Amino acid sequence: MTAAAALRPELRDPLARRRLGWAIAAGVALWPLLRLSEFHPATLLAPANLHVMATFVAGFLPPSTEREFLGLLLAATLQTLAMATAGMALAFVVALPLALAATRSLSIAAVGPADGRWRGQGIRQGVRALMVLLRSVPEVVWALMFVRALGLGPAAGVLALAITYGGMLAKVYAEILESADARPARALLAAGSGRVGALCFGLLPLAAQELVSYTVYRWECAVRAAVVMGFVGAGGLGQLLDQSLKMLSGGEVSSIALVFLALVFLADAISLVLRKVLA
Amino acid sequence: MLRLEQVGVVHANGRRALAAVDLAVGRGERVALVGPSGAGKTTLLRVAAASLRPTDGHVALLDAQPWSLGARALKALRARVGVVHQAPPIPPRLRVVTAVLAGRLGQWSLARALRSWVAPADVAGARDALARVGLAERLFERCDQLSGGQLQRVAVARTLYQQPRLLLADEPVSALDAATADTVLRELVDYSVATGATFVASLHAVDLALRWFPRLVGVRDGRVMFDLAAAEVTPERLAALYAGDTEAVPERPVEAAHGATPPLASA
Amino acid sequence: MRANLRRLGGVACVAAVLAAIVASFAYLAVDFRGLFTAEGRHAMARFVAEFFPPDVSAGFLRRAGFAALQTLAVSILGTLIAAAAGGLLALPAAGRLGATAKWGARFVLSFLRSMPELVWAALMVLAAGLGPFAGTLALALHTTGVLGRLFAESLENAAPAPEAALRELGAGPVARFVYGTLPQVAPQCVGYALYRWEMNIRMATILGVVGAGGLGQMLYFHLSLFQQAQAATVLAAMIVLVVASDTLSGRVRRALSAQSH
């Protein structure tokens, strides 16, 4: 019996207090969370909302096949695809010099004695900061601002894609280039070639497959992003969807949704093929 | 207590693992299964544990026919059967205390099980079980901080905590060094003697089998080769059993424990 | 021979891609030249200049702060609901309730995942009215699709031996899962949920643009009225929120990796 009493302090679970603490903290934090986000599941069942949703959802079938609408749908789809492709092309143009500037492998200063060393480092950090900034603001926000500046239409979407995806591509390009074997490039730099030459003949052949693969994957994401940006006025499927939603025409919405799903599927397939062939 | 009648098992890929196995084990008996690797010892134990349904023949354990029971009755039956596996089936991130307490999940209600997962109940019981295998001080550590041998001992502690009426062990001490293996087997045998539980174990080390078990069943190629008291197991029989298998035959007579008489010395 | 065909295929693809790019620009008929004329540049410069200085009056900062908290709350709640719903759907999706349930669950998860969050938000504004609740629902719906699929994959990769052993000692299905599989998949699943939360914060800031409350709605509002100074403050708040939550989630992730059961 005394042995059992002596055992008691060893039987206390060391994690018990911590777990209780977390449980209480979670409980305490839950109430303000629910209030702040105006969490009222009952509104879903409010008769007015329910009626609107019910009629809307009832309109989903059959999907709209009205001739004029189908014409709009085709044009919008092409516009979305064009927006994504053009945006990615520009993003590529933006990303390449940024990635070049940020890659240490191509730093001439690292090869041999050169007085630009700290300045080179400063430029690299500056470029990286710029890339982070470009990436932090969501593309929809850029699209919103460009729509304000340039008016409705795909131009805003193309520019927004160019900027945000340019930043994203630049970061990943820099990472890929840095992780590739730097020796051929360094050898070229030491032999006196310029940065561009070192890139083309030194780094690029090694890194090309990964670069292409990531770019094509990003294009696929760009197609989806283009639809989303259409919601804020950048044209394409997104804008059409926004209009149909506002008019509560369920048939049109379901047609657009089907086309969107098909488009995403198509983009996925194209991306797979391209990655296999271009690699 | 445990009865296999003409039990045969054919796996899904067509391979026959057991053929016409007859085995009857009485209440409180201790039996060791010996034989070369791939002989079917594991399959036999799985049939005995009612976790593998035999293709031919009948199996009865604890006075019940497991495969004609309803789901709830089968679950209750399984709660009284404890299985120690060759490799400890314990998720690494679990703490030792929770792993041991899992032994009684077949006897606890769901509510109690869930509560215990968050805040372990009956820590004292878990500690007792661990003390028997020499790991009491590791109570609140995570299982991935233990060595393979220690984890196996935790698995044994879990089965001891379960307090089964029928104890089945598949190579329970293969991963342990000789001294620890002896300790663990002693604990299992002590448990069997103290509670009257039936104990069937498959062992690769024949010397351990001869030391701790009064009855040996030799299995080879899915059939029972012999079923004898330990005293009657001669080196010739063992040699025939293990023909082609290089590891297990003992070369010198071994000390017996717990009343099992030593085998005849070789000439 | 095959190598040549491959190279030809590669060249053809590159040519096709270039053609597609040119066609895209042509189709859009975007007059970028308008941007680069002196007039265009002045207009852009004026537009950008109006963002500075941002409005930092106490009252507005308080409103922006509240909107930021609201956005944060939406992201947390939405991710929590999605983790629970995704967990529930992951069980049939991993095949634990039979083949038909598996295909059904996977179809539902796929559908939830394919619709962009913004589209869900627009739909939820219809169902629940303007405001952050629509945003929470939208995030929950989309993220359930994402997390459900990730959880299901984790479940399928978990070792079956622990659960099998628990079945042998008579444990019921729920207890088996909690003691046998959950400890194996929990760290990975929590990691997925945290990662999604990081993305959902960015998403939550945007959803307001279609009326789902928080910083997004404020941004849309002020930009529509061409109040760039206020919009600038809101943008800054967005960036601060994203950066702060990234740091926080990094800390939480490190703390949880030391957790145990």
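Each chain gets a letter, A, B and C, in the order it is written, and its residues are counted from 1.
Heads up, the rule we're going with is that a contact is a pair of C-beta atoms (placed from the backbone, for glycine too) under 8 Å apart; a residue touches a chain by one contact, two chains touch by 3 or more.
Quick caveat, the model's predicted, so the values are computed rather than measured.
Trainee: Pick the chain whose C-alpha centre of mass, unweighted, sits closest to the average of all protein C-alpha coordinates shown.
Mentor: Taking the mean of C-alpha atoms per chain, the most central one is C.
Trainee: Does B-C or A-B have more contacting C-beta pairs?
Mentor: Ranking B-C and A-B by C-beta contacts puts B-C first.
Trainee: Farthest chain from subunit C, going by mean C-alpha coordinates, please.
Mentor: Most remote chain from subunit C, centroid-wise, comes out as B.
Trainee: Cα centroid separation between subunit A and subunit C, in whole Å?
Mentor: Distance between chain centres, rounded to whole Å: 10 Å.
Trainee: Compute the distance, rounded to whole Å, between the mean C-alpha positions of subunit B and subunit C.
Mentor: For subunit B versus subunit C, the centre distance works out to 50 Å.
Trainee: Roughly how far is subunit A from subunit B, centre to centre by C-alpha average, rounded to an integer in Å?
Mentor: Each chain reduced to its C-alpha mean, subunit A and subunit B end up 55 Å apart.
Trainee: Please set out, as single numbers or ranges, the residues of subunit A touching at least two other chains.
Mentor: In subunit A, the residues touching two or more other chains are 15.
Trainee: Mind pulling the subunit B residues that touch 2 or more other chains?
Mentor: none
Trainee: Multi-chain contacts in subunit C: which residues touch at least two other chains?
Mentor: 260 - these are the residues of subunit C that touch more than one other chain.
Trainee: Which residues, counting only subunit A, touch subunit C once they are in their complex?
Mentor: By the definition above, subunit A touches subunit C via 15, 32-34, 36-40, 43-44, 49, 52-53, 56, 78-79, 81-83, 85-86, 89, 136-138, 140-141, 144-145, 148-150, 153-155, 158, 224, 227-228, 231-232, 238, 241-242, 245, 248, 257, 261, 264, 274, 277-278.
Trainee: State the interface residues of subunit A toward subunit B in the complex, per the touch definition above.
Mentor: Residues of subunit A touching subunit B: 4, 7, 10-11, 13-16, 19.
Trainee: Any idea which subunit C residues touch subunit B in the complex?
Mentor: Residues in contact with subunit B: 159, 161-162, 164-172, 174-176, 178-181, 183-184, 186-187, 260-261.
Trainee: Touching subunit A in the complex: which residues of subunit B?
Mentor: 97, 118-120, 123-124, 127, 139-140
Trainee: Could you list, by residue number, the parts of subunit C that touch subunit A in their complex?
Mentor: Going by the criterion above, the answer is residues 6, 9-10, 13-14, 17, 20-21, 23-25, 27-28, 30-32, 35, 43-44, 47, 69-70, 72-74, 76-77, 114-116, 118-119, 122-123, 126-129, 131-133, 135-136, 202, 205-206, 209-210, 213, 219-220, 223, 226, 231, 235, 238-239, 242-243, 260.
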